[in-house]
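Next up, some structures in structure tokens.
The two complexes that follow have chain A in common; it is paired with chain B in the first and with chain C in the second.
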Partner chain A sequence: MNAAAQNGELNRNGANEIYHKGGSTKRKFQESFEPTPLYAAIVTYVNYAVVTLFGFLRDFLRKHGFEKLYAATEDPEMKDFVPLYASFESFYTRNIYNRIQDIFNRPICSVPGATINIVERKFSHSGWTSKYTGKTLKNVVNLGSYNYLGFAENEGTCSEAAIESAKKYGVGVCSSRQEMGNLDIHTKLEQTMADYLGVEACITFGMGYATNSTNIPCLVNKGCLILSDGLNHASLVLGCRLSRATIRVFKHNDMEDLERKLSDGVVYGQPRTQRPWKKILIIVEGVYSMEGSIVNLPGVLALKKKYKAYLYLDEAHSIGALGDHGRGVTEYFGIHASEVDIMMGTFTKSFGAAGGYIAGNRALVEHLRAHSHSACYATSMSPPVCQQILTSLSIISGTEEGRNRIKQLAKSCKIFRQGLKKLGFIVYGNDDSPVVPVLFYSPCKLGAFSREMLKRGFAVVGVGFPATPIVESRVRFCMSAALTDKQIQDALSACSDLSSLLNLNYSKAK
Partner chain B sequence: MHTGTTNQVANPNTVVWNSPGIWITYLLTTGFMHLILLSMPWFTTSVSWTLTNVLHGVCMYFFLHTIKGTPFETSDQGKYRYSTHWEQIDSGTQFTAARKFFMTTPIVLYILASFYSMYDFTHFVVNTLVLLLSLLPKLPQLHGVRIFGINKY
Partner chain C sequence: MDVDKLWIVNEAIQSALQTPYHVIFEGLLVIWILRLIFSKPHKIPDKEEKLTAKEKKELVDLWKPEPLAPPVEKTLAETRPYRLVNGQVGKNIVINGHKCKNFASLNFLGLVGNKRVDDKIEKCIQNYGVGTCGPRTFYGTFDIHLELEKKLAEFMGAEEAVIYSYGFATVLSAIPAYAKKGDIIFADEAVSFAVQKGLQGSRSKVVYFKHNDMDDLEDKLKQQEKMDKKDPKKAAVVRKFMVVEGIYMNSGQICDLPKLVEFKYKYKVRLFVEESLSFGVLGKHGRGVTEHFNIPISKVDLVIACMENSLASGGGFTCGRHYVAGSQRLSAVGYVFSVSLPPLLAGAALEGLKISEENPEIFARLRQKASFFQNLLKGIKGIKLVGYPESPCFHLRRLHPVTPEKDLEFLHDVVDKCEKNGICITVATRTKAEVLSEWPASIRIAVSVQMSEKCLKEAAKVICHAVKEAFAEQRKS
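So, the complex of A and B:
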């Protein structure tokens, strides 16, 4: 794994292949992050520079009254007070985001399944205001929802069971788990989830983000060391910061960097006193949704055993989506679930519900039940949501339908990714991940692609700066078991048209 | 649009000058501006080189040392709201590669402008003043310093 790290914490090389000897399967671990072509980078920077210069010009015109200012301004009576807002902080929104804002936040009026109905909006010439045209774009193929196993449906066994449980339990108890909010359906859900994952016990929470941010402070505190992957989600970062432990970031999926930081932590101890750390916790995610990469779990486990650290695995995107039975990244690598100390996941993506869970051995879960901020102060999960998870879990783990969904997802991932690579797009990440990020570099191409795809009946999610590095704007396709083969082929042919129209075939790989 | 949800650094301004290809773009843009000035028939070579140096220095001073804060909302609770872009680079770490690059380009331009203006005295004064304007705010000793309270808030 010799990576030339160019962009700070990210691993940039052509292809990253290792054969790991641990685990029962010798699955080839392969991910690729093709480096940015210089031509595309220069054009992107020039794009941003031109738009920024025009932004300064337009701001100057607006400030001195030559152009109408539509943004909210402060009360003229308060002009001698310290200003509430720094207008420069909304520079990006005013001048760059507003130009392509019709590709973000599109309102939909149907369940976000394989197809969605989008309410059409028309933006004014200045980009400040929008109006609904009254039309609805029907049956647009949905390539943006995290609907990995296709459970985002409003008909069928899942929704019927959820409706029944709403009639039985109501919508929620509005109380925390420790007080009055603990229902029998919660216990049943936790037991079922623990059995499914193959661990001793599990605890669930009403919100996936809050699962991370309220429970990491419960597990580590000041005097502990957290080694967190560079691309961890904001919920993990917030949880780490709230815990007041020392955070050291290692380069994304880079085992050499992780080993160096682990050995430094063990050898040198805490910064000034040189005392040993109370705990060392490695935090990684199963599938990283912005890069489409899968964690090198055997490598991390080998290091964890060698340096006696703990491992926290966030399977928000990989539970249900990876592995032959959908058990996540541990099953994908053929590793037993008991080797990971703390397994966290969310129900939002593959189960079509909401909420999160933490699973592990009984002592851990009982500790969280007593000490978690969420168990004490946050309301418990709503019963219809619990029922949705239970029904979808029973479908995934028991029935033929569940196995078909998982197979369909794996097949769609492979077909789509290989199709895009053949067309010459630069696709990041691992071949097996259900998230397919395609690099567009320039925000202009991002806007054009998204609009043209909508015209052809496909809804895609574009992500630009500042959510991604400045030069790596991308479109993130999310595969779903609900998408038929025909829809995927149509999507590929639409991408092919646009590839030649917008000159998007940057890839030099064969 | 804010950086709140999925971002690798709280303030992308700190790492933007380490992105691939940005130094080359910077040099190409400066070169392009110089070519435009060179191609104007009423400027002699000396004047166009000195003008390139002056424009480069003034733009650099404006964008790196006058404008404060970030053009987008960041999730670090306004830590860099009163910092200029120069102070934000690499989160204030001195002597990084990006900072050395920005120290070098005014010097190189100064040497070129002096040479092409045949070391004429007026051009020398102008070029040196612009060089001082470009280099002095970048000194580590002046990190975070606001002389006479100029540009403090």
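So, the complex of A and C:
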């Protein structure tokens, strides 16, 4: 590892050399976040201005009865109550979101594998009313589901094992872990997961979102400091808030800002009393799904050691998807798992199941077993879901098939990303991340792109405000090991057609 | 008049010219005053000097953070190990190697292991696989979710139902979707932990009223009304909510819904009812506390329930009028930012609902067995039974509590003795983080409709015997 990379000083928008420990492959840490072109920003603002003006006009017409009101209204008996919704709060929903809502919530009626069957809906009255046409769009190539290693399958070893498990255990557990919900299959899963990750122990929970929101309050409380990355997921933000610790946000993946805040935290202590903080916890994610970036883990670890902080790594999108054996972002950087204090992840993306886990040393896991809010009050994981994780884990970690899936995912990521860049799209994020966000800036182009891709047989995910900044609407492609090379090439050629049709090639990079 | 004024001015100029130094002195004074008024205040330089890099490094070296978690030995010494269940959590359960009858799992309708449900689960896995691999917005909406939402709304008699993928996260996300910073929520002090977290997450002002005490609630509502009259402008934008549970998890009592609905309209406070334990239990058709009291469900703003108890599946749902329930699809964090409910769980819930609809007498049978069992246990000496007479989930507490630690030890002893004799019950687990952390320890009993009367009589005998032995042992020590 070169000296700069060892200290974690990685260039954004550039290439850095990192070698994989235990191997001799040199891998470049290449990320790019091309700045918004002026032309695109202007067009986007004009788009919003036009839609907002029409929004005001339509609201006026609806209020005075010139246009039919399709939205649900308050119960007439409750008209004296304080209004439940502030009228401006839902302006965006009524006038902007409604117009492109056909690209969201598309119902499917098949396994979310490489191809899906979408139930067709027809929207009318500017998106206010919808009905099902009764038709199904079959075999649409799925570029939107989090099916990184292709374990969303309804045939094969995984589903057969899940069915056996359902026959043996049923699906209901009806109790929390501390009471009657601790089944033998849970202990087996936890042991297997701990062995896979290379840590001492692991504890699992029924939902990934609840894992973050119920466990962060057990680890930190009032008098502790949390340094949270600016783009952390909503579940991490909720967990931090529920813990009542002081939260300071540092710029996304910016090691200088993090160092400054860490230093200030240790040196100056708590703001009013000047007493030292009880603990400092740094919370980062492995792969950020909106930006497609990978955390600068060597940098964060170096800072963590220097300032004696603890590190909470949320590997929701990176477990199974990064690293030669799918062990996540620690394996990707050649770092041993024991260096990260708290490794959290979810089973929903790469394992095709549901739930979350936290892994680390035995003291941490026993503490969570005893005090975690989820272990005490929430129902434990359903047995067939546990079995699905066990089967997929055994495939990933022990078999040729698992290794092939991981290789196929890495290959697909590279081909697709390079293909999009050649077509002139602005693609954010790291070259190795399985999430490929492509910037369109304007919500109108987002809507058009999604509809046109569906016509050509591709299901894509468009994300706009408020999940992203208002002028940075994007389409987020999720790569999968289940996609064949032909499907990827077809997707690229469809993107190419639409690039010229909708003027989407903003990139100036060559 | 003009002539007088002119004469005064003339006089002034004359006298000024006669004493020039006076004029000059006063002029300088005026200029000085103007300068003082308009000049910026003089800043006192900050006495605090910036720390040097060396000093900062010393502070960093000196700082010793607390350990992330206490040492393993301490944690293990203070807590009890998990009980291990082998196999299915049904009427019969194998716990820590002992074969027992299950009076601890909240499997009220006995749907765990039901053949029809198992077949449906198999079909779902064959159609959809296990996971949904996406949140509802991004290809995570399956036709089975839409079917389940429609069926739930139909079953409950509501306009719309919204499904969540985890029971705990349902109420945790539903409350903050409506109550924001600045709003006021009146909550019963015995609400369950998930509700408490929902209240905390909403950042609203929470006013707790005494458990099930409608007079106390009315007092607090009246106080709020007085404050509103003093500041009507603020009152016009502050939303008010009441959060109660149908059957309280912490006490087994039922809420006084007619009174609450009366307060809703009298004091203009919206009503949310958390029905995890009353859904599938109360009411002629199992529709919960609204059906039990014969109140149309449209009077309750939002009903929040989980499908993990009566329906023996997973996840949770909320239902209500379109106007209220619909907004969760965009503003409830646990719905938008989380992956959707696995189809096999949705399928199990659907089949459970169909079975309940085809056998509506199951609910009356469940309540009858619950009250039968409660009557058998009421007579045990030294034990107080807490709970609504027909509730299948009720609590046993010590009649004369000693100290919290000793009471807890006593109850665990009772549980262990029952387990050895083939009856599985559990102490209601709580953490110190609860609002009511001084609430007395209790054993929570859950009756399933599958239990026969003979079984219930035997169980009551075992529990009675275990309590007697535990008391005898405590007296000796």
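Heads up, the rule we're going with is that the second predicted complex is superposed on the first by the 472 of 510 C-alpha atoms of A that agree within 3 Å, B and C clash if a C-alpha of one lies under 4 Å from a C-alpha of the other, contacts with A are read in each partner's own complex, and residues count from 1 in each chain.
The rule is short, and it goes like this: a contact is a pair of C-beta atoms (placed from the backbone, for glycine too) under 8 Å apart; a residue touches a chain by one contact, two chains touch by 3 or more.
Keep in mind the model is a prediction, meaning the values are calculated, not measured.
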With the two complexes superposed on chain A, say which partner A:337 touches: chain B (first), chain C (second), both, or neither. neither
Is A:36 touching anything from chain B or chain C once the two structures are fitted on A? First, second, both or neither. first
With the two structures laid over each other on chain A, which partner does A:475 touch: chain B (first), chain C (second), both, or neither? neither
Chain A residues touched by each partner, larger count belonging to chain B or chain C: C
Now for A:234: first (chain B), second (chain C), both, or neither, which partner does it touch? both
So, A:290: does it touch chain B (first), chain C (second), both, or neither? first
Answer with first, second, both or neither: which of chain B and chain C does A:93 touch in the superposed model? both
Intersection of the chain A residues that touch chain B with those that touch chain C: 86, 90, 93, 97, 104, 233-234
Hey, which residues of chain C end up touching chain A in the complex? 51, 56, 59-60, 63-72, 75-76, 78-79, 82-90, 93, 95, 102, 104-107, 111-114, 117-118, 121-122, 125-134, 136-143, 145-146, 165-169, 172, 178, 192-194, 197, 200-201, 235-240, 265, 268, 270, 298, 306, 308-309, 311-314, 321-324, 326-327, 329-330, 333-334, 336-339, 342, 344-345, 348, 424, 426, 428-431, 433
Please give the residue numbers of chain A that touch chain C in the complex, ascending. 72-75, 77, 80-86, 90, 93, 97, 104-113, 116, 119, 142, 144-147, 151-155, 158-159, 162-163, 166-184, 187, 206-210, 213-214, 217, 219, 233-235, 238, 241-242, 263, 266-267, 276-280, 306-310, 341-342, 346-349, 351-354, 362-364, 366-371, 373-374, 376-379, 382, 384-385, 388, 459, 461
Residues of chain B touching chain A in their complex? 1-9, 12, 15-16, 18-22, 24-25, 28-29, 67-73, 75, 81
Inside the complex, what are the residues of chain A that reach chain B? 6-10, 12, 35-36, 38, 41-42, 45-46, 49, 52, 86, 88-93, 97, 104, 230-231, 233-234, 289-290, 463, 465-467, 469-471
